[in-house]
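Below you'll find the structures, each written out as structure tokens.
The two complexes that follow have subunit A in common; it is paired with subunit B in the first and with subunit C in the second.
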Partner chain A sequence: MSQEDPAGENYRTTVKRNRVLHWSWESKLPLECAAHFIRMRSMVDDARIPKPGFWSNWSSWEEADAQNSLGHDPLFVFPKDKLVEEGSNVTICYVSRIHQDNISCYLEGVQIYGERLDRSVSAFELKNVSFIRKKGTNVFCKVDQGGALGGIVLFVSKVLEEPKDFSCETQDLKTLTCTWDPGSDTGLSKQPSQSYTLFESFSGKKTLCKHRNWCNWQVAQDSQETYNFTLVAENYLRKRSVSILFNLTQRVHPMTPYNLFPKNVRATNATMTWKVHSIGNNSTLLCRLELLAEGKVIQQHNVSIKVNGEYLLSELEPDTEYVARVRCAYTNHFWKWSELISQKFNTAEAAPSEAPDVWRNMKMVSGHPTVSLFWKPLSKVHANGKILFYNVIVENLDKPSRLEVLSIPAPARSTELTLDQCSYQIHVTAHNNVGPSPASVIVISGDPGNEEVESGRVNGTEDGFSVSWKPQSGDATGYVVEWCDGPQDLPCVLQWKNLGPNTTSTVISSGAFRPGVRYNFRIYEISAKRMAHLLEKKAGYLEELAPSDNPQVVMSNLTSHSFTLSWKDYSTESQPGFIQGYHVYLKPKAGEQCPPAFEKTVLPEDSVCCKHTIDNPEQKTFVVENLQPESIYEFFVTPYTSVGEGPLDAFTKITTPDEYSHILIRIILPMIFCVLIVMIICYLKRQWLKEKCYPDIPDPYKSSVLSLIKSKENPHLTIMNVNDCVPDAIEVINKPEGSKIQFLGTRKSLTETEFTKPACIYLLPTEKNYSGPGPCICFENFTYNQAASDFASCGHFPVTPQAPPHQLGPLTSPENLLKALEQNYMNSLGEIPAGEANLNYVSQLASPTSGDKDSLPTNPPEPALCSEYKMQMAIPLGLASAPPSENSSLSSATLLGQGEHYR
Partner chain B sequence: MRAQRMRRTPLSVILGLLFLSMAATSKCLGKYHELLLQLQRQADLMQDTSTLLDPYIRIQGLDTPGLKEHCRECPGAFPSEDALRGLSRQGFLRTLNATLGLVLHRLTALYQDLPEAQQLVGLNIRGFRSNIHCMTLLLRSSSEAETPEPTQPGPGPTPPPTPPSDAFQHKLKSCRFLRGYHCFMHSVGQVLREWGESRSRSRSRRHSPRRAPGDTAPSGPCRGGARRMWPFRRDRRLMPRGHLPR
Partner chain C sequence: MLACLCAVLWHLPAVPALNRTGDPGPGPSIQKTYDLTRYLEHQLRSLAGTYLNYLGPPFNEPDFNPPRLGAETLPRATVNLEVWRSLNDRLRLTQNYEAYSHLLCYLRGLNRQAATAELRRSLAHFCTSLQGLLGSIAGVMAALGYPLPQPLPGTEPTWTPGPAHSDFLQKMDDFWLLKELQTWLWRSAKDFNRLKKKMQPPAAAVTLHLEAHGF
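Up next is the complex of A and B:
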């Protein structure tokens, strides 16, 4: 509101003589933001003066300019510390002394934009301001690049709410207590929290409440019955009030009863006593006694009392914890129940009211029937106290004997009895502090009878297993269904259910039943003699699952066209469902069709393979036929139940052999076997074979010839050492005069030596100094017999060149030598020891014509003179020396040059 | 000024009585170094802005851009660090005690704004003043002949707060006062640390006058810390024999 654009507001009132007029007016724009002007005029308002009257002229404007008293700060913001309600619109302004344009204003750090009133004043209208904090909302303005800062705190109060749920009541007809819901707290730094005042209109009294949500009011002694209360909530900005009108006696809320105790507590009844605070004189209270068991109200009784209450609670259960609670109300006019008071108590014990539920399991241990007796703990309702022990009385029904009594302390739930072949009647009773329970009787027969019955299947549902059976005899007194709660591979926790004689089906349910576990049920019929006979067996799954594992498959009989798969170790009993059969998957080589009996299928991983279904769960072998030789196949076997098949495991790879490999195996294997046999035989008979096939060469030192020669002719004879033997060479010269001879062996040319003499055979001496032609016949003796060698040509018989061949000595002729040897042999036969009687002499006369014809002259000299003589002697194996080498046989003649010696 | 001094006199008498009463009732540590260390730690604790200033700024809504930077220490509201260094030890302790007394008084006025923090800080200040008293006794026993030195007449503690003109100014003034208090305690901590250093130096003159590596002072709440000065002139005569540095 600028001076140039004034906006006025009118106020009109009546003034009496000598009365000063006070008019308080609050400008929307803070007074410091702009100068405000006021003027007035008047008119006579008197009945004696006819209307309409006449207004006086306006007075001159009176100016109210607060800016003059601001001080010297550079920047001011107004209004200071203004208190407004949430949702109000507030106009603020700044007054700048520095006349700068770059002044920005912020509301809680967020810049706000306003209207410039003049050069130094700008106004900002804050609409719908909200509560931020009790310490007020900070609004400040500052010069953008200067240090000047001015600000205000705008105190925004929450709107004062009307008190809710205002009500008053009395507990003793002396004091009224009024309560209400105060709503939000409107307290700020600038403003205290709202106050509450209670005003009663009939009495005209009022009281300032000390608390935000309740207030006490003293009831007047003058028996005021009706009250009209007004509750006024007030803060600096607003007042709110709420009123109620009521009759005092209709607002009685009794105090909580006290001293609630049980009295004379027995097994089935107890008396409860309690007290109440009196209200006025001879007022009656209606009390409600409730009995709770396990948190539920089981009995409820109303009792009218003045001060003391008492009630007998009956039909209680023995040894049971109960809670009794009491609350009371004013009888004259029900307004509210008092608060509750509770008390726990336990009834006394009684003897157990029901026989324990007993069942048995029979088995043979070391030839004796052993009975495991099981019983279920009595329910709390039937135990009537803490069970201390169980008595088991065993009575022999076949022969009179003393009763055997076993006392088994609780909480045992089973015992084991070893019996004989007689029938026994067993009584089981449970005992607590008060006495025994009725007996549970069961009869055990010494003859277990035929327990083999057919097995059936039972279907599981959400509720359990629905088991039914067919009664066999008409005198059954009941039936028992027994089962094990856990899986088959765990120890059996025997469970049973007793059923009446007219029952032929039941639903077996247990929290222990799990999907995928096979449960076996046995149905027994209880005869009139209390003996149990097995009726039926059932097996079932609460919920069948797909097999969790696959069988271990063994592959055998692999041929080029087939192989056999077997999984005989796979147990169908321990699977998570009834095994209905098996799927055999086969992956043939690429492009090959499925064998007959297989059908093409697609695996989950989108690979195509062949599948064969075996629908007999007991068939655990399968022959895969019609395969291709030398092909790679992959197979995989998985069982399936009604839910699905087992997990898809890895395929096993095989390669079929070629078509003929089995034939080859049939031939080669026997051959190898035969060869092995022959080798073994040869090894075992190697001595015999040696003797037969390659006997050892006789040892000359062991020769009887040697002993014979030594003893009869020359005692100094020794065996010639092979190394000492210098074989002579035969040089055959048959050369016409003037011809050249090409020497063989040494490759030395003898062209410079020309023999002009006619063809002749020379014996070359061993000595180097020997030279000159001579008769040449060489004999070599291989017997190493010195005696024989002395006569051989290899001995050093000096032969003069002049000597004719027929004059070479007595043994130079083969005939002579043979004769001598034969003679010596014959002479010595009688002197040979018995062990040497098998010595053989093999004589050989080798004709030069049988040797190497190429190396010999084509025109040999005298046959008798140019013969080669070989002689061998056999000796026992043990004395045999190394056989001579072929080179030493000297079957060829060597041509040597004159003056040279070759060994 | 005279009127101000006249007002200050009964206040100092009251504080002195309070000081004496604490001396009579509390049990002082006899060891100078332990007491000094305790004073240093208390000063470190009291200069921590998270105990008082930060909650105040948050509660009053001053943690907005444009306002936060105006919560600066008022020059001269508290004795500067240099001024504190210029005092003798006895004078330092007297000034410290008097300043904290005024702080305590001012904090009482802030009770509505910071009820919990104010109570805790009040306890800290009382404990600190108790230790000041003990240190004063310890120093006095070492130099009985010392002539009493008046409290530093320089920039002294802030006068009792005048009623704020408006809530906004009150918020800013209180904020500046609290920052000044934390800065002052930072300076006090620095000076007390130099007391310990002066002892070490007097033991071994070859030692560097710099602070020992393990002796770390927390960074102060004040912008641009005061220039470090050599501590205390003529203070050796104040050392008690057997306890104080020789």
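Up next is the complex of A and C:
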């Protein structure tokens, strides 16, 4: 270091004769880091010598070089284990014996850079060092890629603070307790925590405090009144002190009272007793007794006592929990209240002080008026104890009868009464252990009265619903507003509010009210007879919301130019707001204009569509008109409230039909229907039609017989002649056959068994000894009507058994046959003479048109004694009209005609 | 992991005797000592982390490997492998016993220096465990009939940092104490494993496999 180094410092002092000067100086740069030099000069400091005096010459430099005694370690770091205060600037250095440049130094692991003082020494200035840990801040240097390492621990102490809030007090005038806030602890492993010493200047005594924030001082017996305390805080680096001066009697802080108890606790008063620790001789304490209810001080009383305290607390509420607390202060000089002592107690019960708030709800159950009575539990203030039960007394006002008394245990809040059509007065009282409450009286009329009253709306606000009404009669004794707390779709939790006679409005508030729920309020007027009459109904929302859902829309009457939308099932009552109307949205096909009554609008998703507003909430149908045929439209209906409209749902797509399709449908469908009907009728009546339109007319030219004849006998014949046809042969067999007798009588069985063979010839039974009418030949025809049948049955032709078959020979000629038939016919009208054998014959193959007598068969049938003929088939009209005299022998039509004639 | 080791220690008395012929011999004691070294090894890992953080950087840095400046008095655990193999049982056990005696003494001094209550509690707990290990080694030696080494008068290790001992060197000593302790525990595990194998009767070999993850 050069002698002119600006880092040098000067020190000046006055030295007296024959005294050795000791001067301690601490270098900012550790002494080990560099050689230090010192020199001195002096001047005479004497009043007799005029100033300025003259300095002597400088002495020679004295060198202090600590590096020589360092030892042989390769690397040293200085200063070793230095203790500094937070915020100080510290200079450190390393001294290297290995003369290498690659030495790095680190503060808490972070490299630091310093000033190189010479080849082997570098200095680092650490500014504003801060406290890191009690174990000290590590600074170390090491040779890179070498084993040499050196380090120091820098102990940074927190700055010692002046003790705060230093004060002293006594509880018994014997011991003083001084307390303070010590602030930060400055303890390190290099330095113990700061110490505290209490010094009293008047007595000159001092004490080393064992605790870092309080200290006790014994009061001297010599009745010292005034004290001047100095508290000294001290550590290795600093000393701080604080003083207070006070009079002992002005620092009395009494001890906490004890044994605080209630005595003689009644419904409205109680006596509190407590004790205090005495202070000195005959000292008086001022005690403050406080009474708290629900955490709030409601009464405060000051009592002066010596040792025992007592006070009567009055104006208490029955059955209420109170807290009494006491604290005391020194009466001679108030310094501080003592700590509090608290005691909890409950006052005794009393009879309920107020009638329960009662309301009713009337309904008809099975034709009987049923009254649901509701009451609110009495508030704690009025219950004056635990309510055990409610008494309900029902009194009939119309006819004298016994009072009906119901006792309903608490905590029930309602009961149900079934009454008749009379008027009743109902008294309700609440009972606790001590007694009943005043009665609440309500009168119920058997007549439910007029329930149809004016309905209105009520607006909801943040505070609730502001309901107002118009008084109806002048003698109202009060009003009741009734409502249900829950939504309409939930069971009603009946709520009501009683209001005075002069009230015409109120605010109904409830924590249960929710936005978007419709609440219905009913306002009743209570008459002087305590009877309730419904005045008004109001409905309202605490806060209207937009509809949450859209109606189910039904589309109908779709034509080419219009269609109808309807949503009649949509209930406007159960919506989250008053429905003001509906918006009908219609999306026409691209490029098309909105129909009249619609206006163009933009939907939230930026699509353009047409909108029609219906401002009547009860109009739940809408006809969309002026549409284009064969076009696709999309529609959507949403309700709206004062807040907004319902959610934007999906549009429903429809396509209008073409213009003529409906006309076609109107014509073609009935036509198809008619044709179908005709076809069905024709099918069902096909037999009748066949008979009417194309009956089975035997065509002689097409007869198979003809073809048979052609092929066998006369191939040139084209028309079947009578001569060509082999007529039916009648075989008359005179054979007794008992079983056949039954046939005439049992037509039914015959029908079943023989109907398919109408052309069969049945022979009546014949017997040789037969005395009655002779055997007959019977041609059964079951299409014959009953009359004809009866007629036929009554006209049996007797057949003479004796007549041999060959005697019938003349009948084979047509003339004979006609004759015979004629005769037969005539006989059938009258009596047929006995023993006269006749034969009736009708050809089964002969054409009805064959008046041709030559066509009769050549092979005559076997003669029969008697035969009966019945019609075999229907006869065409043309033939039926032929004169019976000519055709009776040829066709059964003659017989039919006669049959009908005889009807 | 710790729970696993505790469970093992808890069930140690239930471990069947290695020698089923009647006299269990020193086998169970060796096994117990071996398990204890592994447990202490694990316990020390947690304690050293806390203590080195308390010392501050660079001592808590993972790659900090300072020269052994002032810790010459600490018993060295590192030894030439051939030398270690050639150690007889008695010498092996004696070296372990002496090392832990010294280390325990130093460790108690460390505990007195510790500034935080939490750290003092951890150190005290570890000292108790280490005392247990020392007793366990003494037990093995007694079972094998070896006398305990007698401390020479005046050579009782003390924890009195000399005036030339700076706080930084003191921290270095603490660092080396913990490091040597860890090395000794590792070496002891090897020693007792070797002894265990040596003492096991081949016919009644029962292997207690203990895995100590993360060591």
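One rule holds in what follows: the second predicted complex is superposed on the first by the 622 of 903 C-alpha atoms of A that agree within 3 Å, B and C clash if a C-alpha of one lies under 4 Å from a C-alpha of the other, contacts with A are read in each partner's own complex, and residues count from 1 in each chain.
The rule we apply is simple: contacts are C-beta pairs under 8 Å (C-beta built on N, C-alpha and C of every residue); 3 or more make two chains touch, one makes a residue touch a chain.
Every value quoted in this text rests on a predicted model; they were computed, and no experiment measured them.
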Clash or fit, subunit B versus subunit C on superposed subunit A:
clash
In the overlay, answer first, second, both or neither for which of subunit B and subunit C A:668 touches.
neither
Looking at the overlay, what does A:80 touch: subunit B (first), subunit C (second), both, or neither?
both
Considering only touches as defined above, state whether A:148 meets subunit B (first), subunit C (second), both or neither.
second
Please work out whether A:44 is in contact with subunit B alone, subunit C alone, both, or neither, and reply first, second, both or neither.
neither
Between subunit B and subunit C, whom does A:554 touch in the aligned arrangement: first, second, both, or neither?
neither
Partner chain(s) touched by A:680 [first = subunit B, second = subunit C, both, neither]:
neither
Do subunit B and subunit C land on any of the same subunit A residues, and which?
77, 80-81, 106, 108-109, 132-133, 135-138, 140, 149, 151-153, 155, 189-190
Which of the residues in subunit C come into contact with subunit A in the complex?
54-59, 61, 66-67, 69, 113, 115, 166-168, 171-172
Which residues, counting only subunit B, touch subunit A once they are in their complex?
59-62, 64-67, 70, 112-113, 165-168, 171-172
Seen from subunit A, its contact residues with subunit C in the complex are 77, 80-81, 106, 108-109, 132-138, 140, 147-153, 155, 189-190
Subunit A contacts subunit B in the complex at 77, 80-81, 106, 108-109, 132-133, 135-138, 140, 142, 149, 151-153, 155, 189-190
